[in-house]
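Input: one structure, supplied below.
Labels A, B, C and D are assigned to the chains in the order they are written; within every chain, residues are numbered from 1.
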Amino acid sequence: MTRELEFIDLSVSSGDQRLLSEARGALRAGELVAVVGRSGSGKTLLTKAIIGLLPQQLRAEGKILLDGQRLDQLDEKAMDSVRGRRISMLFQQPKRVMNPRLTIRAHLLEALGAHGWGKARQHEDRVLSLLEEVGLSPAKQIASKRPDQLSGGMAQRAMLAIALAADPEFILADEPTSSLDSILKSEVLQLLRRKQQERGVGVLFVTHDIASIQHIADRVVVVSDGQIVDQCPTALIFSKDRHSKTRELIEASLPPLRTLRATDSACLLESVDAGKNYTRRAKGPAALNPTSLRLHGGQVLGVVGRSGSGKSTFARLLAGLEQPTTGRIIQAHHNGEATRVQVIAQEPYSSFDPRLTIRTSMSAAVHRLPAIQAGERMAQAMAQVGLPEQLLDRRPGQCSGGQLQRLAIARALLTEPQVLICDESTSALDSVAQRHILDLLLDLREQMGLSLVVISHDMDVIRYVSDDVAVFYEGELVEHRPLDDFLVDPEHQHSKDLVAALDITAAVPAAG
Amino acid sequence: MARNHSREILLSPPAFILLAVVILTIAAPWISPYDPNAQSLADRLQAPSLAHLLGTDALGRDTLSRVLHGGRFSLSVALITTLFSLLVGTALGLLSAVRGGWLDELSLRVNDLLLALPEIVIALLIIAVMGPGFSTMVLSVGVVAWTPTARLVRSMAAQALSTHHVEASKHVGASRWFILRHHVLPFVAGPVLAQAALRFGLLLVLLGSLSYLGIGVQPPQSDWGSMLAEAQPHAIRSPWGMIAPGAAIFLVSFCVTLLGNRITHVLGGQDVLATEAKAEIHD
Amino acid sequence: APEKAADPEARVVVANFRAPVSNWALESDDAYVLSIAGCLETLAKYDQGTKTVEPMLATSWKQASDTEWDFELRKNVEFQDGTIMDAKAVAASLNHVLKATAPARAVNPKTIKKVEALDADTVRVTTPGADPLLPYRMASVNAGVLSPAAYTGKGIDPMHHCTGPFAPVSEKAGQSLTLDRNENYWDGEVKLAGGEIRYITEGATRATQVQTGEADISMSIPATSLATLEADDKISVLKADSPRTSTLYLNNSRAPFDNPELRKAATMALDLPAMAASIYEGAAQPATGPFAPSEPWANPDLTVPQVNLEEAKKLVEASGYKQEKPLEIIAITERAEFAGVGAIIQEQFKQIGLQANVVTKSYGAAEPDVLAGKYDMILSQRNRMIDIADPIGFLQSDYTCEGGYNLSHYCNEDYDKLVGQALVEKDETKRHDLYRKAGDILAEDAANVWLVNEQAIDAVGAKVQGYVQDPLTRYVLTKDLAKTS
Amino acid sequence: MLRRVLGLGAAVLLSSFAVFLVPFVSPGDPVRSLLRARMDIGAADEATVQAYAEQFGLHDPMLVQFGRWLGRFATGDMGISHISGTPVADQVLPAIGVTLSLAGSALLVAIVASILLGVASATRAGQWPDRLITSITHALIAIPEYALAPLLVLLFAVRFSLLPSAGFDSPASLVLPVFILALRPISFFTVAVRSGVCQALDSEHVLAARARGLSSTHALVRHVVPHGLLPLWTMVGVWFAGLLGGSVIVEVIFAIPGMGRLIFDSIVDADIPVAQGGVVVVVACAVVVTGIVDLVHKISDPNVRIGVRHG
């Protein structure tokens, strides 16, 4: 008999509000099931409900069966021996879910159920072999590190080691790759898939990005507004007659198509050997080594690179938010006015003051104009980003992430910029919202001749929007070329990895 | 603060009690049954009776009348001190958060110093210079009392200023005043108000302790603290003299703290004591 | 019931109102603490019962001349460290006090010129002028005698360096002094095994301590605690006339109280018995004049002034005083009860048409103005026998025209003449007569309003035996003090 | 750190100078005040005052006197008490010892109590035990200790004879003063622990630990409480500093020869070297304590250690 984790009529409610209603499904050992859905659709609640760790104020109903045993009827103590041993979890932010005070070893020992005195020594071998298994070496050294001493990719691997520690039958993975850049993402995905197949574990893989799992998942479950609206084997998910929500998700995944781009030759912004060193000591590694680059009117420049490679620093220099320590940024002058540059931040929710109405926040950009004129300008900007004017009188908490990111763009438009810098402006959004924002940006360029600098760690995004690509690696601009050339023939090793990652997800064999 | 918020705060039991106490003390000259200073040596240290609802003190003065009149002094000193420290603390806290640099450094050090110096010692220093009295009490406590507010405002304002949305506002050209008015003040106001309520309660107790030690209000004027000190020797024979002013201090301080807590609650914040806790944390 | 037998192993805990602050300097009030502790002894001793000066460490004394006194020392007295108390040691002890920068009230270069050892057992004390009161001075605690080893480079070390029935063995700074019985005491067997003097400056706390049994004897119980302690049958409360009179000092040197009529009116306005019964809880007697009635030089014919508002009002009118602004009564904060006293006086003055405000100040803050004559009234309190058991110092400094502590700025030549005579009068009866006459003049002139004579109140636990109250707070741990188990 | 040390130096100088000024600005002759502390009320004559002032140089110009004090202080000498004539250190050191043990035990009690109360109420957030504890903590800070202390003495010392009414010698004599001193810190600490633990309970790493199969008590002990106590330690430092000289009332009521009282009395008596010494020691101790707490905080909080600012 294959082992099976089944949930029947599982509902989660907060007060009278149903957040998840009557979900039904099953996960067999050795199977990787993807749960996809837009942000807020209830994917996380589903996993938490299964493992019995819903927040206090939420209530779950329905049956959860593990090999026929009712988990929902177990007491806390019995549940404790299920968690970790038979079902374990992977999370989106590995660093946030580890105790910053404890070493990786301590976390692993804890997962092994061995945090008592004297047991640590006995389990040392197991700890090391687990770390090696997930590709973390030298294992001994890494075991003694604390979470904040690891990079994102390493931390996610460590998290996987912890999840595998007690040899569970099932793993519930809640967006474990969405905080990683594309290279890491594909690495971790492959690793997860490999382990899952080696060990015959059943994995419930939660994601909002249907494209990323198309080659690894056995089955797909689509969640929308708290309901499971569709489920089928992965191969069938792309057929035209699926549920509309499924279609929406699939359409949002970025196609490698490219629209026609016309760049005018006027140079708006130029970086001449601009570099930045935050540390006072000249010896220390610079955040950004001297970089030279030109930005033309109507151009879309895609900027990629690992975390910490200096992308944001470069953006801040371009926007004039920071003074370069070497070189300079030259703004072109037209009719006596310098190029206006605006920045759109990554996190939509934190870029508006939660206490203020959107109108008040937006008025910061036009507070020098008379009230009537300011109102007109705001209305105009709202129209440009395709939002109804009523939204202005809401507070950020009452808007969705996608709406807020549009509002942030509208606010930037109020200053009539010529260059818009989007620093990871879509990475906090689900795939559908992301697609909409990217399309909006391309529209704006088309209509208003805006130049865009799009910073992203996601090669799909870069490929979708860019005319030219700039690759940063360890504080250095290592490659700057038109997109076409770049995709065909990347020069730098890192660029090669990036381009390869675009295909690697596809190269992982699906279980047959 | 939205209208319904104010209602939620103002219609709570502690608010009612406080309002009642304030009205009673303001109306003291008209409603108190006796002249608070009228002595009747024959009727000293009486237990509560119909004639004297809270009994009489060692000079045969009516305790109820004295508690009512004493409240005028206690409450007004505490109020003025609180307002004083609120103004000074907010101004300095904002200044050091916004300006930073040496000003910030200086105010941090002054804070450190005032934290380390015992409050009563500071009060003594000022009393030594100015002699006891109303203004001395306000000043001697006020000199230290602004520091928690300043620390809170500084840390809250710094927090507000370091948010992404302030950064975003700055990018689109918001003026300093715009940021202060829309992003900083609304963020700071709630906790500061709540803290002021808490401070009021604490100051009421502290001011009482000055009077109790005999370095606060000077007879024949009296406040709750000095009434306590006067009544303490007779505590066994006539506990009412102690219980009444003690309970008054406790009640007002308690209610005002609860009120402060309610303010933060309504604003979705933490316990008012926790804002104080946060204010204590500084670098 | 028959008395239980004393326990020879018992120790007595005394809650004292005074803490030593001057590193046991004998010229300071620390000498009182050592005396109370049964450690420090003097050549002579003033006996409250017989009202005479009696031998102590000296067996006798005689005047060699007007200014020279020879004290014959008791033989075979040993200090607690085993050394012999000889004339050299005594002279050295006294000379130490004489040389102090801030000299003692009774023993200082103005009253004693020099002290020298005539032979092993005789000490000669020379005074600058004739001083019939010298034996009184030698009975003052400041004239105590310590072993030469007590005088160290760092100050005075009293441990095992006295002659008394108890030897100090250890001290907890700011808290207490522990003593053990002196096995070799010259005056016979010591009944207690030892004792402890606790320094507790808060009166209410002293009262509580005897109530809980933590202390066996509590000295100077505040009036406010009296009723509670008297209600407790495990405690006996002892009272005695003390030489302290709470006084409303009137500024005789400036308007309006330079007018004797107005001063008399003030006297008549105040209801002293009511004051004594209320604020002082009956622990003080309404004053009849400058002296307490039990003092040998008090005029027995003086009575408590009667309240006479009518007469007082008339006197105020007759004095022609037009009140423009309220007078000021300074109540010193060192004495908590003065605030209440001031409030009562304020009320009663109102009835005769005198408006007054009470201002509380620490004595230190008030002193410069008061000494300079810039005040109306001050409530204060004076110990007439703080230096010696005779009021001459008080009469001289407080009321003569040139007196150093003449707060009321009183000046009357007749009075000065009487005091001058008393200073050199050898005969005690005659001297007391002169005091009485001087006191009568003060009363007649209504120099001040003497409010109440305070009483010394000690509370003693039931187990204590043989405690004799000393209103001058000099003796507590004595050889005869005992305690049952 | 260097800044802190400089700040400490400045703080010590400033505060000792402030204390030093008192006799110059307050009414009354400080020399007479000193003499009165040695002997009961009564005016010393001018010659005595002169001689006494001379002995300690009290009639020298103000700055000369302060300079002299500074010079001595620089060599580690806190001077001579003007009342007892003995080294100030002999009075200040025992007093700070007393106060350190008093404040230390009060804080210890407060820490233990607040951890118990705070964790209890955080883990039952919103239920009746939480509401009860919250009301108690708010009531505690409103209690005037000068009213409560005499009442407790009446109850425990006089009525039931369970505890000493005053003094500072036996452990029993510490019970009441420590309890009273601990009240206010208990309430502040409890709230801090509660909110810290609540936050920790909501944090993802606790959720993850539970998902790893850790029982709820185990997770509480290992992950929640240590994290939830972070805000507590800073508060402990601040309170310790505050209590060093701020326990005058309790010291007066219980006849404890501590620092608060020593400073209070010496200012009243104009014994300025002692007051200066006391203030210097209190301020220094306070700064050292907060420094230690900072250090502990830095070591125990990895976020602070690696220099990440957190809100």
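Just so it is clear, a contact is a pair of C-beta atoms (placed from the backbone, for glycine too) under 8 Å apart; a residue touches a chain by one contact, two chains touch by 3 or more.
On a predicted model such as this, the values are computed, not experimentally measured, just so you know.
Asker: Check every other chain and keep only those touching both subunit B and subunit C; list them.
Answerer: Both subunit B and subunit C are touched by D, going by the contact rule given at the top.
Asker: Determine which two chains are connected by the greatest number of contacting C-beta pairs.
Answerer: B-D
Asker: Could you work out how far the Cα centre of subunit A sits from that of subunit B, in whole Å?
Answerer: 49
Asker: Using mean CA coordinates as chain centres, what's the gap between subunit A and subunit C in Å?
Answerer: Computed from C-alpha means, the inter-chain centre distance equals 88 Å.
Asker: Whole-Å distance, subunit B centre to subunit D centre, using C-alpha means?
Answerer: Once rounded, the distance between the two centres reads 21 Å.
Asker: How many angstrom between the C-alpha centroids of subunit D and subunit A?
Answerer: Here the centre of subunit D sits 50 Å away from the centre of subunit A.
Asker: Touching two or more other chains, which residues of subunit D qualify?
Answerer: 26-27, 150, 158, 252, 268
Asker: Using the touch rule from the top of the page, what residues of subunit A touch 2 or more other chains?
Answerer: Nothing qualifies.
Asker: Counting only residues that touch at least 2 other chains, which ones in subunit B make the list?
Answerer: Expected reply: 131, 232, 236.
Asker: Strictly by the criterion at the top, what is the full list of touching chain pairs?
Answerer: A-B, A-D, B-C, B-D, C-D
Asker: Residues of subunit D touching subunit A in their complex?
Answerer: Residues 125, 202-205, 207-216, 218, 222-223, 226-227, 300, 302-303, 306 of subunit D touch subunit A in their complex.
Asker: Which residues of subunit B touch subunit C in their complex?
Answerer: That would be residues 37, 39, 41, 44, 58-60, 131-132, 214, 218-220, 230, 232-234, 236-237 of subunit B.
Asker: Which subunit C residues qualify as touching subunit B in the complex?
Answerer: Going by the criterion above, the answer is residues 203-204, 222, 224-225, 227-228, 271, 274-275, 277-279, 331, 333, 336, 339-340, 342-344, 346-347, 358-361, 365.
Asker: Would you tell me which residues of subunit A are touching subunit D in their complex?
Answerer: So the residues of subunit A touching subunit D come out as 51, 53, 55-56, 76-77, 80-85, 88-89, 91, 93, 96-101, 107, 110-111, 113, 115, 146, 148, 162, 165-166.
Asker: Under the stated contact criterion, what part of subunit B meets subunit A in this complex?
Answerer: Its residues touching subunit A are 163-169, 171-175, 178-179, 182-183, 186-187.
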